[in-house]
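For clarity, chains are labelled A, B, C, D and E in written order, and residue numbers in each chain start from 1.
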Amino acid sequence: MPGASQITVSRAESSTGSSAVARSDERVRLQDVCIVHGRGDQAVVAVEGVDMHVGAREIVSIVGHSGCGKSTLLRAIAGLLPNASVQGRISVMGRSPDEARRSGLISMVFQESVLAPWRTVERNVTLPLEVARGRTRTPRRTASEQLELVGLKGYEKRYPKQLSGGQRQRVSLARALMMEPEVLLMDEPFGALDEITRDEMHSELLRIWETTHVSIVLVTHSLAEAIFLSDRVVVMSSHPGRVADTIEVDFPRPRRTDLKDSPEFSRIAHRIRVSLEHNR
Amino acid sequence: MTTAAAPTTSVAEPPVRAEIPPAARAGLLLRVFRITRSWLVLGSAVVLWQVVVEVFGIAPYILPAPSEMIASFADNAGLFLDGLLMTTLMSLGGFGVALVVGVALAVLMARSALFEELVYPFLNIVRVMPTVAVAPLLIIWFGRNALPIIICSFLIAVFPILVDVAHGLTSVDEDLVSVMKLANASELSILLHVRIPNALPYLFSSFRVAAPGAVVGALLGEFIGARRGLGYLITVYSAQLNTAAVFVLALLSCLVGIVFFNVCVWLERIVVPWRTVVR
Amino acid sequence: GGSSSSADVPAGGPTPLKMAFEWTCSGDWSVVYSGLEQKIFEKHGLALTYDRGQGGSDTVPMVAAGEFDVGLLGAAPTIIGAGQGLPITIVGAAATSGPVTILASPDIKQPADLEGRSLAVQTDQFEGAMWEAYVKATGIDGSKVEVIPADDATTAEFLAGKIDALVVFYPTASTQAVLAARPDLTILPMQDHVPAYGHLMVANNRYLAEHPDAVRGFVTAWSESAKWVVDHWDQAYQLLVSKCPEVDPAALKFSMEAYFDGYTGGYAKEHGIGTFEIAGIEKTQEVLESAGLAKDRPTAEFVSLDYLPSQPIMP
Amino acid sequence: MTTAAAPTTSVAEPPVRAEIPPAARAGLLLRVFRITRSWLVLGSAVVLWQVVVEVFGIAPYILPAPSEMIASFADNAGLFLDGLLMTTLMSLGGFGVALVVGVALAVLMARSALFEELVYPFLNIVRVMPTVAVAPLLIIWFGRNALPIIICSFLIAVFPILVDVAHGLTSVDEDLVSVMKLANASELSILLHVRIPNALPYLFSSFRVAAPGAVVGALLGEFIGARRGLGYLITVYSAQLNTAAVFVLALLSCLVGIVFFNVCVWLERIVVPWRTVVR
Amino acid sequence: MPGASQITVSRAESSTGSSAVARSDERVRLQDVCIVHGRGDQAVVAVEGVDMHVGAREIVSIVGHSGCGKSTLLRAIAGLLPNASVQGRISVMGRSPDEARRSGLISMVFQESVLAPWRTVERNVTLPLEVARGRTRTPRRTASEQLELVGLKGYEKRYPKQLSGGQRQRVSLARALMMEPEVLLMDEPFGALDEITRDEMHSELLRIWETTHVSIVLVTHSLAEAIFLSDRVVVMSSHPGRVADTIEVDFPRPRRTDLKDSPEFSRIAHRIRVSLEHNR
């Protein structure tokens, strides 16, 4: 592939071999993971033979067709699926997902905003902090500071029902960011946002990423978003979900917004697009 | 670099089905145990009861031993089973009417706040009104037949059904109602296709209260004036100070309640499979 | 009289004694109210406490269980219970005449007139047993009487003239209410044909074994109090009315008169208040037995004449 | 071409507040009518009752006229109000215990299917067990005091609370529980911050059944052995064939039920403002 | 603006004047619409002074920042808001929104997928057809044909809980398309879809649009989507929501996918982006 100096595309199979040697800075590692939804006659293999890893302070995006198993994968990493349905090995900072979750290492933004209807926006954002056991760190920001950063100043006392779709999604986002986790799992967190708000959220996410040690796994449908934010883009195929390609994105950081207009950027995007088309 | 020649059909393939190893299925013995364990616990309770009565020498006129009760039942099996049948029928009648009337009233309440406001005081009155106070009225109005008994049963069973179903009918997804309205669906269609399915888990939940309630109501009805049924037999044997028989009859009443209850729970699993219990 | 029992006062202060009534406040309560006020129970070494019962069939077991030490209970549930071996002993009788009575429309003058008419009775209970015995004793044709099993509506139907006769427990407020509504009714006491006892004094066997003197004191004190009531009728009535505001004074008056007819008439008139004879118990037992309500247990096992007043207390 | 120099702050401005014209608010008279209309309907029902009794010449020992009932109340006001007070206290007691025990059991059931399976048969037994059958037992075990009455009240009120709260605790948003689990929240936190708020509308819905139930239970308890309270007075006046007084007492019982009920409805509006009723 | 031969940008105010003369082919018309959410102290003006029109067989997109009032506007057109909260005039095919709704003229895809959890996918799709009063037309496609067109063949018997986010959104889409309405309101219908699936959905939508007379109002955050699909893009400003700009898109139809790479396309996109940035 011509001029792909900053691009490394590796076959899923080949990367499996090399990554068998665990790296010290590894945060998330999936080995030969297979996940089944449902039981008995209804059982459906959602993902199969998935190998993946996320290093410290890395941002890894997952792209793939609707229904290929992205959300399922995130839930598995977060330890939210019943043990019986997950086969293979998943480790988060050297621990099982369950343990990692219990150590408060993981935070997650769900695909559809998950808010408590009986709590105001502000108290939805503080909910995990209120209940986090064994947590001693005080958050860097107050809830209203965090809400201001996601553009929801003045909405603190509203109830979720009184918000627009995008506003609800930003409340979910603010809640996950408040936790300052080691591993942040995001399932299409900016899907309901317009481009400008989305760009603001990107900046906000990168600002947090820069000042902390957070590793991020981001599910997105926007290739531009995936490339702009990530160190690596994982392309998944469907039925069942497998890792089809892993594309390293080596643009130096901090990245400027006009990077998106560069030919390199377009080339990576094209590369991913081709890969996606080949891996329906 | 990519997997070669992956099929590029425009339509996604149907999902792959997984094979679950048979080991994951519960063994037959385990399943038998699961089905019977609540009866096992009840059985142990009975044994414990017998032991307590014998060890502490509790007098039979206070708390008869299960063995005495079994003897009493054996002596009067025909009579008691006839009572059981009657009470079961009366409870079923009361429950059936409560189901129909409760759902109907709940629908009216879900349609109109005014109706709710006007009807609740009356319902409260009929619910709280002590049967002894209105017993002569009930018998004089409805005759010396099954009707007053069914009415008593109905009055207790209707309340939980009404309240829970009204709750279920009004806590539907507003947007789903909007989808229906956009299709120019009639209120009846919205009721049938959105509100009622949404209220079904609430209905079945209410059965857990209404089913034993219907039995209690039938018993009360039989106390005030009947010639058959467990409630009537209880008054007769109680006047004869036959505590063992009274307890057998009371437990037969409970049996009706438990069977009713379990039928409802079983129906619930079949009728509302989409309700997931989050523990 | 009554001074004879004062020797029973134990050295360690009065003996606690819990007494059960069969039902709540009615004419029979005046004996206890007046007796307490006049310190008659105290005089016999008793610290008497009392409570209402919940009907004979619930209260007899409670005396047997020791929840109460003694009770003033109907003959029927007492004999049924004792027949089943409940640990109780009949130690005295308040009323040696039975309370079960037929109230009939005015054109019914005698038992034979009931033929061809309707009569409401609690068929499966004491009243039913009494009715069967009554039919036998009077020689009327029971099959010609339309027997209606009594329920909560029969009294109203009787008042409305839809039923011709009603079997009642005579000394109750409800009888008074029926008679007040239809003053011309014919009153046919079953006692006239079927001998049966009314209220009995019943003691818990364990209490009896531990405190025989207290039981003896109770029977005597109760009888003395009853006599005091007869002697101070208006005062006792006023006391009862003040203690039972929930009962219509007219009903209390009726009930008191009816009960005291039993307490001081018949056998009591000749042998003294509170006393009885075993034959009377046996006759009541027979009635219950023939209806299949009571078991044939020798009366000696649950009846004792040892606790009657040492000297008759004549009304 | 575009509106000139629109402010380009990075943070959205707080929303604009709207002014609603006062005409949109309901007039005072209308509001008074709204608050009183259910009482107006009750009042008309009473008038109708009087008319029916007089026109059809219904005997007072069957159905007394409201005027007779008012006279009866006037004659015995002190006694009746004392009964009202007692029954209210007993019902409150039973309701309070039912609330605590019902919610506690519901929590245990929501935690464990096994617990649910094992406990329901026993609960059914205590619910259906006729009071007359166990009355002597209750008194022997718990004494001749308020306790058996409160227990009767409790037994009827606890069932709907238990069932509805268990329903509410288990029909939470699974993802919200996931959010809590990711924060390493304890089961207790999940209970307090997710399950219980979610169950609150169910709890208040259950009160509509439990509140009248608590009153009925207190009355039943008073029937079996009390010397105060509306239930006791009803048995006494019923034995005197004083139907007018019985009806007054029965209606006072209903009053307790209705007041309870309305307090619960009013509390519901305050405590669960986020529950939107979709009509 | 140089080379903007295919672009017409009109001030909202100026377009109001001209459109006061009702056009015969007009499907949707909003005049000075103001919408208030909530009551009393809680009342919030969501949109104000909105004028807009959609002609026969026109596709109009609405873009704007999160919370600017797009969903609110769609609901108002569909007649789903309480009468008291909507001021100004809205007409749909010459009728009030309520009447239009009752005549079965309107179909809507909601921002978050709205499915009946007790119905299978297939029966969710047929739900509106089952209940549509006064409807005589038989649908051109069966439910499973329609599901195949949105890429959900084989999912007919699944329940909504057993679907991925994007799959649920496509079920909602299929349900709205089944109705073959005169006016189709779509609130970010493709938000949860990957690019390829999204493109397929675009083709499917345009196919339906070509063979019917449907007028479409589309809320979207993707400018490319808005431009590629629409005849006109309405840009909304926030707090309260107003029509800031209306941009006519005059590319001839049928449009080919490579149109998106044309400089004209980029210029319009840039134009909208500038407008959006100026109208926060």
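Please note the rule applied: a residue touches a chain if its C-beta (ideal position, glycine included) is under 8 Å from a C-beta of that chain, and two chains touch if they have at least 3 such contacts.
The UniProt protein names, listed by chain, are A, E = NitT/TauT family transport system ATP-binding protein.
Since the structure is predicted, the reported quantities are computational estimates derived from the model, not experimental observations.
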| item | value |
| --- | --- |
| Shared interface partners, meaning chains that touch subunit C and subunit D | B |
| Label of the chain whose CA centroid is most distant from the centroid of subunit E | C |
| Best-connected chain pair, where connection means C-beta pairs in contact | B-D |
| Of all other chains, the one whose Cα centre sits farthest from subunit A | C |
| Centre-of-Cα separation between subunit D and subunit B, whole angstrom | 20 |
| Interchain centroid distance [CA atoms averaged], subunit B/subunit C, Å | 44 |
| Mean-CA-position distance for subunit B and subunit A (Å) | 47 |
| Residues of subunit D touching at least two other chains | 12-15, 61-62, 136, 140, 173, 235, 276 |
| Sequence positions of subunit A contacting 2 or more other chains | 38, 44, 65, 67, 112, 151, 277, 280 |
| Sequence positions of subunit C contacting 2 or more other chains | 58, 61, 65, 155-156 |
| Residues on subunit E engaged by subunit B in the complex (per definition of touch) | 75, 78-80, 101-104, 106-108, 110, 112, 114-119, 127-135, 148, 151-155, 159, 161, 175, 179, 200 |
| Complex contacts: residues of subunit C adjacent to subunit B | 57-58, 60-61, 64-65, 77, 80-81, 84, 86-87, 124-126, 149, 151-153, 155-157, 293 |
| Sites on subunit B touched by subunit C in the complex | 59, 61-62, 132, 135-136, 138-140, 144, 224-227, 235-236, 238-243 |
| Subunit D partner contacts - residues on subunit B that touch it in the complex | 37-38, 41-42, 45, 62-63, 110-114, 117-118, 120-122, 124-125, 127-130, 132-134, 136-137, 140, 159-160, 163-164, 167, 170-174, 177, 201-202, 205-206, 208-209, 212-213, 215-216, 219, 223, 231, 234-235, 238, 246-247, 249-251, 253-254, 256-258, 261, 275-279 |
| Interface residues, subunit C side, partner subunit D - complex | 24-25, 51-54, 58, 61-62, 65, 67, 155-156, 159-160, 172-174, 176-178, 181, 245-248, 251 |
